[in-house]
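These are the structures in question, set out in turn.
Here come two complexes built around chain A, the first alongside chain B, the second alongside chain C.
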Partner chain A sequence: MKFLSDKAVDRLRQNASVPDLSGTRYQLLERVARGGMGVVYAALDEMLGRRVALKVLDVPVADGDLARRLNREARVLARLEHPGIVPVHDVGTLSDGRVFYAMKFVEGQRLDKHVEAVTALPDRLRLFLRICDAVAFAHARGVMHRDLKPANVMVGAFGEVLVMDWGLAKILREPSGGGAEEDPEATILHTPEASSNADATEATQITGQGTVLGTPGYMSPEQARGDVAHLDERSDIFSLGALLRFLVTPAGNPKSNLRWRRDKTLDAICAKATASDPANRYASVSALSADVSRYLDGLPVSARKETVLEKAARFYRRYTVAILLIAAYLIVRTLILLFFHR
Partner chain B sequence: MNKILLGLLLGTVLGAVDGLSAWFTPAVRAQIVGIVVGSTIKGLIAGVAIGFFARKVQSLMLGILFGLAVGFVLAFIVAQMQHGYYLEIILPGSIVGIIVGYATQRYGQAPAAPATTR
Partner chain C sequence: MAGDQFPATRWSVIDAVKSSDAKEQARALDTLFAAYWKPVYKYVRLRWNRPSEDAQDLTQGFFAEALERELLAKYDPVKSRLRTYLRLCLDSFVMNEEKAARRKKRGGNVTHVGLDFQAAEGELAGATIDAASIPSSDSLEEFFEKEWVRSLFALAVEDLRKFCAERERQRTFRLFEDYDLSGDSEISYEKLASEYAIPVTDVTNALSWARREFRRIALGRLRELCGSDEEFHREARAVFGSDAV
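Up next, the complex of A and B:
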């Protein structure tokens, strides 16, 4: 009797996991990434002749809990038509019984990789504002993401910012004004920091009812407590605050050569967004992004009261050229008075 | 504020202030009213011209250069009429032109693009 080597077993396992796309309009190209519920493949939509991303469930059960969850994720995405949210094209069941959905194939980098090359603070803040736009839109549609982190944001080749992985999303209310959908995510979904990495996600756990875990460092305290019933948009605001802190803290990325120092105002914005009591956070994503925009424009922010000196410094930074020109005029006038008309 | 109005207001105010500074020169203090009126009109003309330019050309550098040129030329004409005080009139007048040129480009609002239909 001959035993198969580990390598051969691994290869067989991989071949067995390749989805059977026969009978669909898609042709499998390559495996792209692994998520909590399944694998994302690049595929060719033969009818439209374009690349799409297929998220295919691991388990060939079309009516199980995971299948319901994947279907639900596709439905959530379908209701979020926004340039900052990856659009879903199709949903269905493969001939091998696995549920899948097709979405736009995003060519780009994860935010945490992309920002290594973005050394200017205003550029990073503008990226953040675009993430806020997408999340604010989702909130307006009654959907909260619940797993916002750098690994779940993609930056495309043309600078487009897309919020990905809505598998943990919670529907807070129906757009028509109906009651909130029963939350099937009352489960632990522990996603390690590098969860989008194929290897790292092997550690993803799905456990019992009643407790929710997102990503340590990015999930709100109430989410960490598993207080699912009381989660609202402010939980996403906490995650956005943590994401902002990641983007603006030079120490957060020792590899890159960042050109700014820590800023008290930005620290205050991060602190307000990540307050442990949800009541002390920004009331909405729009309020958070408005504060960041005001910071970018050199205006005072709601998160922090400035001293007179700080106000003067901000005023000078905002109107440096105009102030210098007026100073030049006054100096010239004074010199003329002193040296020509004694 | 639109660029022409901003140029007009800023040019007028700075022109008036520039004229008032003549009060510190005892030799011309008696003619202060005429100087202020003339300087205000000069600032107004320069401001409107710079504002028009800023509306047509969206460039900070060109706006500053145009402001400098207008300020210089108008101040030179005034100095010619005064038969003297070239440096005292031209230097501050040119800086006022630069300030108005910068401000109209930086802070003036461009006219809204007309709506297009298909």
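Up next, the complex of A and C:
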């Protein structure tokens, strides 16, 4: 048996990993990232002359559970036509047996990287509202994401916000009233580092009702328990609450030079969204985003009852200019009165 | 259809050793020994700093013990990877070396694979591991994994050579050998095309075919060496995960 040098092993590893795109309309350009199930490559769609992203499964198991999950992810994406959800163009099997799908190539940054440069709180909250729009749309189509986290949101070069990686999505109901699609049985628990680092992808399996999928810190308690049968939209609301907390908590973003302090109202919104009991969370993503919008507009939110003092402070913040003008007018008027009565 | 090009998944060695079919059991053990004996031998030499003769005895003794104590049947893929489990069993075996040596004598009829310890010793001479980091469990795990991947790939290359010979594609294998196995950074498709007096596109096609088959064979062997689909997927990512275009 021939001895393989380290160089030969590395070359074999590298060459055998590259997907064989012969017989497809795509030409491989570069490796972009590693996802939960496979690797994402940039490729050129030679027929349309455009750049696309190819998500290619690691192993050639055309009829295996992973292949079913990748195909399922493509089908889920195909039914979610929304500006905030990455569109899928094509799905198939490569000549080396690996299942793939082609999607829009998003040029931009992951949310966790992008927000390092976003130091104004309102800008971060507006980003959050756009994520909510996409998730609310998916919920309206009977799909829950189940792995919402900063690493799964891309912000494009023109500010477009796209929710990615629907590999763990659960179909709650068919739009036409058909039965829900079978849920993946296995649950794979990713560490945040594993999700964000292409090389650190070791997954920890936990047992429960089924195989559990999600990311600690962003996964709802019921999802972490593997209570797959009882998961609903409120599990995504928990993840959105955790994502909102990531966006608004200065302490959670040591690299950023944030210009605001912790805010009780935002904390209350996060707390309501991430309540342990799903019944205590927002009933829908729209209700959550409505609260965030109201906060942005300086209006009271449903998550927190204000004291009189806080109400006054909010009133002052909302009408600062008018209040200052009136105050200035009153002061001048008083001074004039005092001057003439001297 | 592309999916048809892949043979049906062979039994995992873990399932096979639990089988009542003696032939299947023997085949599984051979598969396991073929993939692991070199990493085990080299690991014993480095980790336990044993002279070559001792390491040879311990390697054979370890597999005898694995069979005698039905270590594979006790393996639980949910708890760890097979190779991590085997490495830990090996550590424990070496620590109880004297007892193990006695068992080795009783289990001398175990190994069916010809163990070329001289070749392994030669390979070890060229092994690159920082001696200062030997006590670190991470570096030992890394070393064991590296040797295991080398062993898996070497077996897959050998299978590919036979596969090419059966299909009269010896030239394809030679091209694969020259380009992918030589480690020569100067080699190019053009150079090979000129050497073999064939068009560059033939070199491209041949290498593409050979790599696809190599990957298929390596994954087939890997599947046999994993206890579950989940472990297989994790190992496939570990083996082919550091890809770059």
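Please note the rule applied: the second predicted complex is superposed on the first by the 317 of 342 C-alpha atoms of A that agree within 3 Å, B and C clash if a C-alpha of one lies under 4 Å from a C-alpha of the other, contacts with A are read in each partner's own complex, and residues count from 1 in each chain.
One rule holds in what follows: contacts are C-beta pairs under 8 Å (C-beta built on N, C-alpha and C of every residue); 3 or more make two chains touch, one makes a residue touch a chain.
This one's a predicted model, so the numbers in the text were calculated from it and none came from an experiment.
In the superposed model, A:Phe340 lies in contact with chain B only, and not with chain C.
In the superposition on chain A, contact is made by A:Val321 with chain B only, not with chain C. Between chain B and chain C, more residues of chain A are touched by C.
By the touch criterion defined above, A:Lys7 lies against chain C but remains apart from chain B after alignment on the C-alpha atoms of chain A. Of the two partner chains placed by superposition, only chain B is touched by A:Val332; chain C is not. When the two structures are aligned on the shared chain, A:Leu66 is found in touch with chain C, with no touch to chain B. In the superposed model, A:Thr307 makes contact with neither chain B nor chain C. Judged by the touch definition given at the top, the superposed model places A:Leu29 against chain C, while chain B stays out of reach.
Residue overlap on chain A between the chain B contacts of one complex and the chain C contacts of the other is empty.
Of all the residues in chain B, the ones that touch chain A in their complex are 21, 24-27, 87-88, 91-92, 95-96, 98-99, 102-103, 106. Put simply, chain A touches chain B in their complex at residues 321-322, 325-326, 328-329, 332-333, 336-337, 340-341. For chain A in complex with chain C, the residues that touch the partner chain are 1-9, 11-18, 20, 22, 28-31, 34, 39, 41, 58-60, 62-66, 93-97, 186, 188, 199, 201-203, 205, 207. Chain C contributes residues 1-3, 5-6, 78, 116, 119, 122-123, 126, 128, 146, 149-150, 153-155, 157-158, 180-183, 185, 207-208, 211-212, 214-216, 218-219, 229-230, 232-234, 236-237, 239-245 to its touches with chain A in the complex.
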